[in-house]
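Okay, so chain A shows up in both of these, paired with chain B first and chain C after.
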Partner chain A sequence: MSESCKVSSERRGDVAILWTDGYINNQGGEEIAREAYTQLDGGARALVLNLEKTRIVNSIGISILIEVLEKVMDKKGALAFCGLTPTIDKTFRIMGLAQYAEIYPTQEEALRGVNAPTA
Partner chain B sequence: MTAPVPTSPASRLDELWKRIGAALDGEGPLSSRIAEAALVATGARDATLYLRDRQAWVRAGESLPAGIAPDEIPDPLPEGIFHREGDLWLPLSAEGELHGVLRLCGMPTAEAPDSAALLSFVLGSAVGAHRLSRQVRDAEFELKARLLELESLYDLGLSLGGQLDLSTLADEVLFRSISLTDAGKGTLVLFDDHGAVLLERSVGGDVLSARDAAGWTLPEGGTINNAAASVPTAGMKLAACEKCLAVAISVPGRRLGVLVVADKESRDGRVLDFTATDARLLSLFANQAAGAIETARLHKDAIEKERIESELELAAAIQRQILPRDLPAVAGVEIAAKNRPTRQVGGDYFDFFPLSGGRLAFLVADVSGKGVPAALLVSTVHAAVHLQIDEAKTVAELIGRIDRHLQKYAATRKFLTCFFGLLEPDSGTLRYVSAGHNPALLRRAGGRVEQIKATGVPMGMFPNASWREESVVMERGDLLCVYSDGITEALDAADEEFGLDRLTRRMSAEPPAKVCATVFDAVSAFAGDTPQYDDQTLLLLRRS
Partner chain C sequence: MSQGGSAPPGLAASAAREVSMTIPVAPEMEIVATTQAAALGEYIGMARDKIDEVKLALVEACINAFEHAHCRDEQLHLKFRLGREPKGAEWLEVEVLDNGKGFDSAQVEEPTIEKSFHSHRKRGWGLQIIKSLMDEVAITSDSGGTRILMRKYK
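Let's turn to the complex of A and B:
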């Protein structure tokens, strides 16, 4: 099983949805950050990170996600996560990501949470 | 547009101080505010803030640390404020430690030295504060990471405690091990009871050859760190990684698997050494995994045992159906018979066959072994006797026919001992074959007990075997006792057998049913609570 992370994205209005597939480590985190900053620089107000195809996150990946979160907050935007495994959900809550970013069970709920069109 | 700075030194510095303060109090990341403060304070066209991040210089405010050109910053950096290619460079220090350097381009006028010094001092303090806040944040992050480790250990224990699926269990252990040690890759291999590979999982590429991992030489409970290992452990693919940490998954006396993580990551892309904390964490995960895997294995064994017991119960039920429910009523003969099965399915079988002319055929058979195979053989014997009994002219011929039937159709290679008798009540003649069976007892009406020995080998043992048929006359009042060895070989707590003598002493002039009850009571009293592993069967006939 290869777990190198792939990231894809789609814009819906001023919200960008990012889908991750694989291990969010240094490499995976940077892939996410690169895509996130591209979206933010391109005018996205909010980001929804769908992690339903990710089963592992390490602390380097988390620190990069925190950097992304800080960047979003600097821009007064919003960041939401969805599709987390129970382990990653708990990890995000302990590591403080859930303090400033909302966690939703599904992508639809996350999109509603950041006030984006769901279709 | 930036307002001009007053010319009076005191008012100029005061104004500068206010502008710097206002910019630093603004919104956005502190690093951006510092650069902004420099711009508003100096009227420069552009300001770039470089910060020390671990060993390298990075431009503040960049989303990703892209690195800087080799000659972008003078190396070594001159002490104090300096000019380079028309730009003003302000080293930013706090409490004697250099935290950053500010580059100002396109200054409208030459900056007064006191203003530059003030700017350097104030922004140095701000950068120091910024650095301190990052250190606090990093320390807080580390603290949360330790908390996460503890929580993960707790969660893993809970999760594995109820996890009986090895595949899910392996993923759980491997993912958490990789995640919490910041490893870039890892492999988990589990072995079965015979050391063959049962399951293999890898993330980020294999770092362990599953095929070779069975030859693992790591001491129990130990870990290996290839940064320090002088002798590679069997199965390690050291070429596939720079640094690895490995631990055996074991229970006392048995290797269950191997867990390896490799290439601990850092934010700047370097591969770090695994720490003592990582090794301890991995060992704890391996211990938890070992306990859970053993529990899963025991659970599987328990299910298998339950299945076997269920089959045995079914076989016992079939066997009970084979044994006669009622004793036949035959003129001139008093009959008693009883079978006491053990918990497991045994191989005792008795039966009666009232024949023409008031004759009575009967048998007691004892199949070797227990369980389903023994029950199958009993069932085969039962069918064979019922098929052949009307065809044979003599008892010996019948036994021969049954034996050939068994040789041809029996599903299992078992044998059985059998006493088969044919009693003519009118004359008292008993024709019999004893195929390797225990000696039957014939208690004469006067009280003397004779033994009736075997007349051939057990059935099913040798092809083309034959049996000698013999006869004896039972006088009125004589009692014949045929039994299985579960009676005479019943054990007491001292491992002593009930024996033929004790059985012989229970033969009496009482009615057969009473004698039967007496024997079983005596066997029970003798054995006490000692578990018995053989069926007990007793058949009694008295010619009246």
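Let's turn to the complex of A and C:
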């Protein structure tokens, strides 16, 4: 039954793209945070989180995403989301995440938004 | 249906079709519950995005109870109802009942992301998410437990 979230990533210059696959709860959020912190500590300036394979993010998962956002802001970097379902998009806006992190429909638009180098 | 009140008028009068389910207080059991909500939403032809909203509201109600209720029987008792208003609007209603210690929803501080920044407390969003995603929500709670009743119109 496990809906565990899998996280993968790729660097494009100083931008890291993180892809999630599955339910983002506390474990999923921690997986994302671990990968995000590795990328930020490794020199990434901006993170793009592509959630197109995730249909549910619970409030515990989002609270961990807020921690990631804080770390990005402390480093004067940028965080962008893309591939959100309408429900996840709505939830991020309810919680105010959209005031501090950009939300884009597609990964390409998100990469342009954070000024990533072209692949 | 008003916040914190009793069951809404019309609920008892409507010819609701009901499915009951009990889930243990255990990791990811909230996802098991969402499969039932999704099946009933699909049964009445509810749009996928609306079903997703019901699923997330249900997840939040379940994890709130898992974390805070201290259920005496270590279980959550769920009821899923389908019904139709006299004027024809169909709805899916989910009731989440625990027999935990209860809480005073009026005392729950409304969270903001600004309060979350640089604070250990980044949580407490569950009720706000539920109220934002569902069309009607009623919460009743006392020392015998908590009941969250939430309805989404098709």
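Here, the second predicted complex is superposed on the first by the 116 of 119 C-alpha atoms of A that agree within 3 Å, B and C clash if a C-alpha of one lies under 4 Å from a C-alpha of the other, contacts with A are read in each partner's own complex, and residues count from 1 in each chain.
We take it that contacts are C-beta pairs under 8 Å (C-beta built on N, C-alpha and C of every residue); 3 or more make two chains touch, one makes a residue touch a chain.
All figures in this text were calculated on a predicted structure; none of them were measured in a lab.
Q: Should A:R34 be classified as contacting the first partner (chain B), the second (chain C), both, or neither?
A: In the superposition, A:R34 touches chain B alone.
Q: Which partner chains sit in contact with A:T20 here, chain B, chain C, both or neither? Use first/second/both/neither.
A: After superposition on chain A, A:T20 lies in contact with neither partner.
Q: After lining up the shared chain so the two structures overlap, which partner does A:S9 touch, if you call chain B first and chain C second: first, second, both or neither?
A: neither
Q: With the two structures laid over each other on chain A, which partner does A:K71 touch: chain B (first), chain C (second), both, or neither?
A: Once the two structures are laid over each other on A, A:K71 reaches chain B alone.
Q: A:Q99 in the overlay: touching chain B, chain C, both, or neither? Say first, second, both or neither.
A: second
Q: For A:R55 in the superposed arrangement: first (chain B), second (chain C), both or neither?
A: both
Q: Regarding the shared-chain residue A:Q107, is it in contact with chain B (first), chain C (second), both, or neither?
A: So A:Q107 meets neither chain B nor chain C here.
Q: Taking the two structures together, which residues of chain A meet both chain B and chain C?
A: Correct list for chain A: 1-3, 23, 25, 55-60, 63-64, 66-67, 70, 87, 90-91, 94-96.
Q: Show me the residue ranges of chain B that touch chain A in the complex, using the header's touch definition.
A: Contacts found on chain B: 28-29, 32, 63-64, 140-141, 144-145, 147-148, 151-152, 155, 171, 175-176, 178-180, 182-184, 201-205, 265-267, 269.
Q: Please output the residues of chain A touching chain B within their complex, sorted ascending.
A: 1-4, 23, 25-26, 30, 33-34, 37, 55-60, 63-64, 66-67, 70-71, 74, 87, 90-91, 94-96
Q: Spell out the part of chain A that touches chain C in their complex, as residue ranges.
A: Going through chain A, the ones touching chain C are 1-3, 23, 25, 55-60, 62-64, 66-67, 70, 73, 85-87, 90-91, 94-97, 99-100.
Q: Quick check: in the complex, which residue numbers of chain C touch chain A?
A: 28, 30-32, 34, 49, 52-53, 55-56, 59-60, 63, 111-114, 116-118, 122-123, 125-126, 128-129, 132-133
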